[in-house]
Amino acid sequence: MQQFINGLSLGSSCALLGVSVALVWGVLRVLSFAQTQLMTWGAFGSLLALRWDAPVLVAVLAGIAVAVAISAVIDIALFNRLRNQQAGEFAFVVVTIGVAQVLSSVAAMRTENQAVSFPRQGFPVEPLTVFGQNVPRLSVVMMVFTLVAMVVLGYWLQRTRSGMAVRAVAFDAETAELLGINSRRVFATCFMVSGGMAAVAGIFFAASAAQLSHTSNDSLLLVAFAATVIGGLGSIPGAVIGGLAVGMISVYSTVWVSPAFREAVAMLAILVVLVVRPQGILGAKATERV
Amino acid sequence: MFDWLDPSQHFAVDVTLITTLMVLSVHLVFRAGIFSLASAGFAAIGAYTTAVLATKEGWSTWPSILAATLLPSVLAVVFAVPVLRLRGIYLALGSIALSEVIVILIENTELTNKTLGFIRIPKDVNSNHFVLILAVVFALLQLHARSHRGRAVEAVRLDERTASGLGIDVRRVRTAAFVASAALAGLAGALEAHHTTVIGPENYGMNLLLPLFTYALIGGNNHWLGPVLTCWGLTALRHWWGFDDANWENIAYGVLLVVVVLLAPGGLTDPALRRRARARLARFRGRGSGPIPAPGTVEAGAT
Amino acid sequence: MCPSELCSVAAGPRAGRTGGTTLNRRVIAALAASLLLVTAACSDDDEPEASTSTTAGEASTDSTAAGESTDTTAAADPESALPDVITIGVPLDTSGNPAVAPAGLGQLAGIELAVQEIADTGFLGDTEIELETVDTQGDTQAAVEAVLGFVQDEVDGVVGFALTQSFLAAGPELQTAGIPTMTGGLAAPGVTEVGDFVFRLFPNIGAIAPAADVEVAESVGATTAAYLTQSDVATAAGLQPARKAALEAAGIETVEEQTFASTDTDLRAQLTAIQDSGADVIVASIVSGSQTLVYLQAQELGIDAQIIGSAGVTGDILSQAGDAMQCAVYLVPWAPQSDDGNNAHFLELWGESNDTPPNVFNAYGYGAMWALATAFQEAGSVDGAAVRDALAGLDSVETPLGDVNFQTDRDAGVQGTNIQVQDGEEVVWDPETECTR
């Protein structure tokens, strides 16, 4: 039972990250390799705020602001140019890889290649005991945040005008433009929102590990991709399910198979899903127009 | 062959020669329109095959290098079946997952010394071997590129459906590219194992691929010489400039990658690039509007 | 003519370094020193500031911490054929992998401190030590390239290396070139087997930790043990089998074994499995990067079994982990609290130019550099073979890790100290003292 809770706990972090990736993929059609660096920079942003004795909530907002700003720059300065050239999807991916590299190196230089400690005071870290099972409070908060984010996103996308615009652009950007929707603004907004979510995930991870370095989150990139692939690339609720699935798979393969093969299991899951059911659990079957 | 160089320069040249093989491995798949990142995993298989055979089984060096080239090729044929069914970004993800699984398996198997890697691999390879191997590979690549098979590969990259409609066996072309790429990666991995005498699973992560990516993208997919020259040029530049801080070097690579993708998505050997450059130059010189290709026709991001 | 400091014959003992020699050596030393004094003072007028040259030189041969050297040929001859500048290659990983960078940076700081002190005290007479530092970026090939550069530049010695893999690739080149190499921070086995020019100051933890583990486990009356291992780091992964073997030999049953990778941020699955096994002690073979994580998450799960950890705990880790580390015990090769060797002197010297206390890597760098310098002095030349013999033959040299020698397979016989965390502080572990969680 405890392991089940552990799985949910791990899964909730993966889920938030997965939603971030799914949003970018769903709307911008970009598989962003830069999300984990946005996580890291968001965490560094809030670390700075915490060092200046800011209250936790302010620090979290500061971190989000940093990530949102970087996302905005990436989208406006880089992605827009690629859109003007009608570049293929790989151009975007490669750009995110390059940006991630730059972000990582700059962070490395500022921290002298070392890990720095991340203060936990003020974060909800005391353990909860529910029916005799140990439940990490931080993960509960993260799970709640993810669910709330999902609900808010869902509401935004389905019930508001701007959300409809986003869906229109996600469906077909050209047609949406013809209908008078400012697709540029939509893209920028979505990327910034996803950056903000990545920042929150990053802050939670940093608080959980009490430590942060420029490579702390690198291994999560593939986890995020796994979450979105399993849940269906582009589907937000799918990403949440995918994230939870990844968390569960990780924990249970540690217990049942062997801790050594735990990472392999997640990767194998990606491969299996991609080959057997590429659209994942909740994704729509991708159709290409010839 | 390069004994007239300083030992440390000589070493760097040897490393570059081996890296060239890896660059070609990446180029081969990109050229067929397969955005596969599995070369790192195949290089690992090659390196470990030769390490195990040479140190644990007592094979002599060259047969073990041969085996190290064959095993990844065979595995690639097997992996090609599921992996090549995917396209685009799904393929990229699948190939990354494949590469990571290979490394994780290596880290957890007794045969490969788990995380400890191998040491004291016999150092029986030298520059002469590398140059010879490269010469042969270049020759083969050039012959292939000039032949109808080479054109078939181009066709598959540019437009799979049309190629298929023209009677090209797309699946065979892609599988062949994938297998050849794996063979080169395995060979490179094996040579490096014998050259550095020490290997470990941490050498085969995704970091291995970033510089290779950069060379392949800047060099373009049109001709194998592009990525090769880019690799040599940038490596030489790196050594002569001598970045003090490894981080600055990485930043430079990242920026270069972004700039090239923005300005020259087809790489520097892209014919469309020359056209655009000429057109822009013509306008600049006031010769009126030269032939500026319409946006949709630029061979954009065709990796 | 003669600047006054150079000509004064006042022999005063240098602070902190003591030791005696036989009368014979004293006499020869005095004679040779005066000879040196005359030649040196009258040939070099623009002496570098730091050198109080042969006076200190005389004092140093008297009070050398090398004590009695059994090496008869080169060592007894302080008529140094030491050149004006001794070049030392320093290959260290100061960038790249954040788990290793602190080790590289720390060693470098220690080495630089030692070089400064050697210059200030004139331990090597007029000879200056010049460091050729290369950042090997945590990359094996960069390490080999750096070493090839050293060989090309004909350095007189090498001090450094923070990664065993890098050393094993590059070390053979140093051996072939006959360059005496003192490695400070490599913990895995197989280092000195590279050749007779390779020495190591760091203990083979796999050899000393297990006995310490048994001591601790028995003191809490444990009968079962669980193991948590960071499986992708050679030192940790290589350590665990030895610890398990020792504990099992002492009759402590293994009830659970779990592993994790350096990139993991959530160890709750593994820790829960360990908790469920009900083990009396948990043996954690981990490195710095994961220490905080392990202790904090263990505390979150409410684990209260005795944890026997691993070295690599820094002040940062202590403050972050807080009371999660209460009562944890681990073996450290070097402890600030220890009085072994010249640790007190080292701490004092470090404190003069640094605000934060030194860490184990600083101690290594400092000790390794001094050990090599002592060998140069003993050998009286920079001839590789002579220095190697001098180093191998040293009876004992003072380092912050204790008085060590390299007579057993060129590995310093450092025993280490058991440390326990009590109320956020590291104290020397005492089996008699109860610790409450």
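Observations on the structure shown:
Which chain is which? They are A, B and C, in the order written, and residues in each are numbered from 1.
The working rule: a residue touches a chain if its C-beta (ideal position, glycine included) is under 8 Å from a C-beta of that chain, and two chains touch if they have at least 3 such contacts.
Values in this document were obtained by computation on a predicted structure and should not be read as measured data.
Ranking every chain by how far its Cα centroid lies from the centroid of chain A, the top place goes to C. If you compare B-C with A-C, the chain pair joined by more contacting C-beta pairs is A-C. With centres taken as mean Cα positions, chain B sits 30 Å from chain A.
The geometric centre of chain B is 41 Å away from that of chain C, both derived from CA atoms. With centres taken as mean Cα positions, chain C sits 42 Å from chain A. Under the contact definition stated at the top, the residues of chain C that touch 2 or more other chains are 95-96, 231. Contact with two or more other chains is made by residues 108, 113, 260, 263 of chain A.
Counting partners per residue, chain B has 107, 245, 247 as the residues that reach two or more other chains.
Put simply, chain B touches chain A in their complex at residues 35, 82-83, 85-86, 88-90, 92-94, 96-98, 100-101, 104-105, 107-108, 161, 210, 213, 217, 245, 247-248, 250-251, 253-258, 261-262, 265, 295-296, 298, 300-303. Within the complex formed with chain B, the residues of chain C that make contact are 95-96, 135, 137, 140-141, 144-146, 148-149, 151-152, 165, 168-169, 172, 190, 231-234, 237-238. Put simply, chain C touches chain A in their complex at residues 94-99, 101-102, 105, 231, 258-261, 263-266, 268-270, 272-273, 275-276, 289, 292-293, 296, 300-302, 316-317, 319-321. Looking at the complex, you find that chain A touches chain C at residues 2-3, 6-7, 9-10, 13, 108, 111-120, 125, 127, 134, 136, 205, 208-211, 213-216, 218-219, 250-252, 254-255, 259-260, 263. Interface of chain A with chain B (complex): residues 31, 78, 81-82, 84-95, 97-102, 104-106, 108-109, 113, 222, 225-226, 229, 233, 258, 260-261, 263-264, 267-268, 270-271, 274-275, 278, 290.
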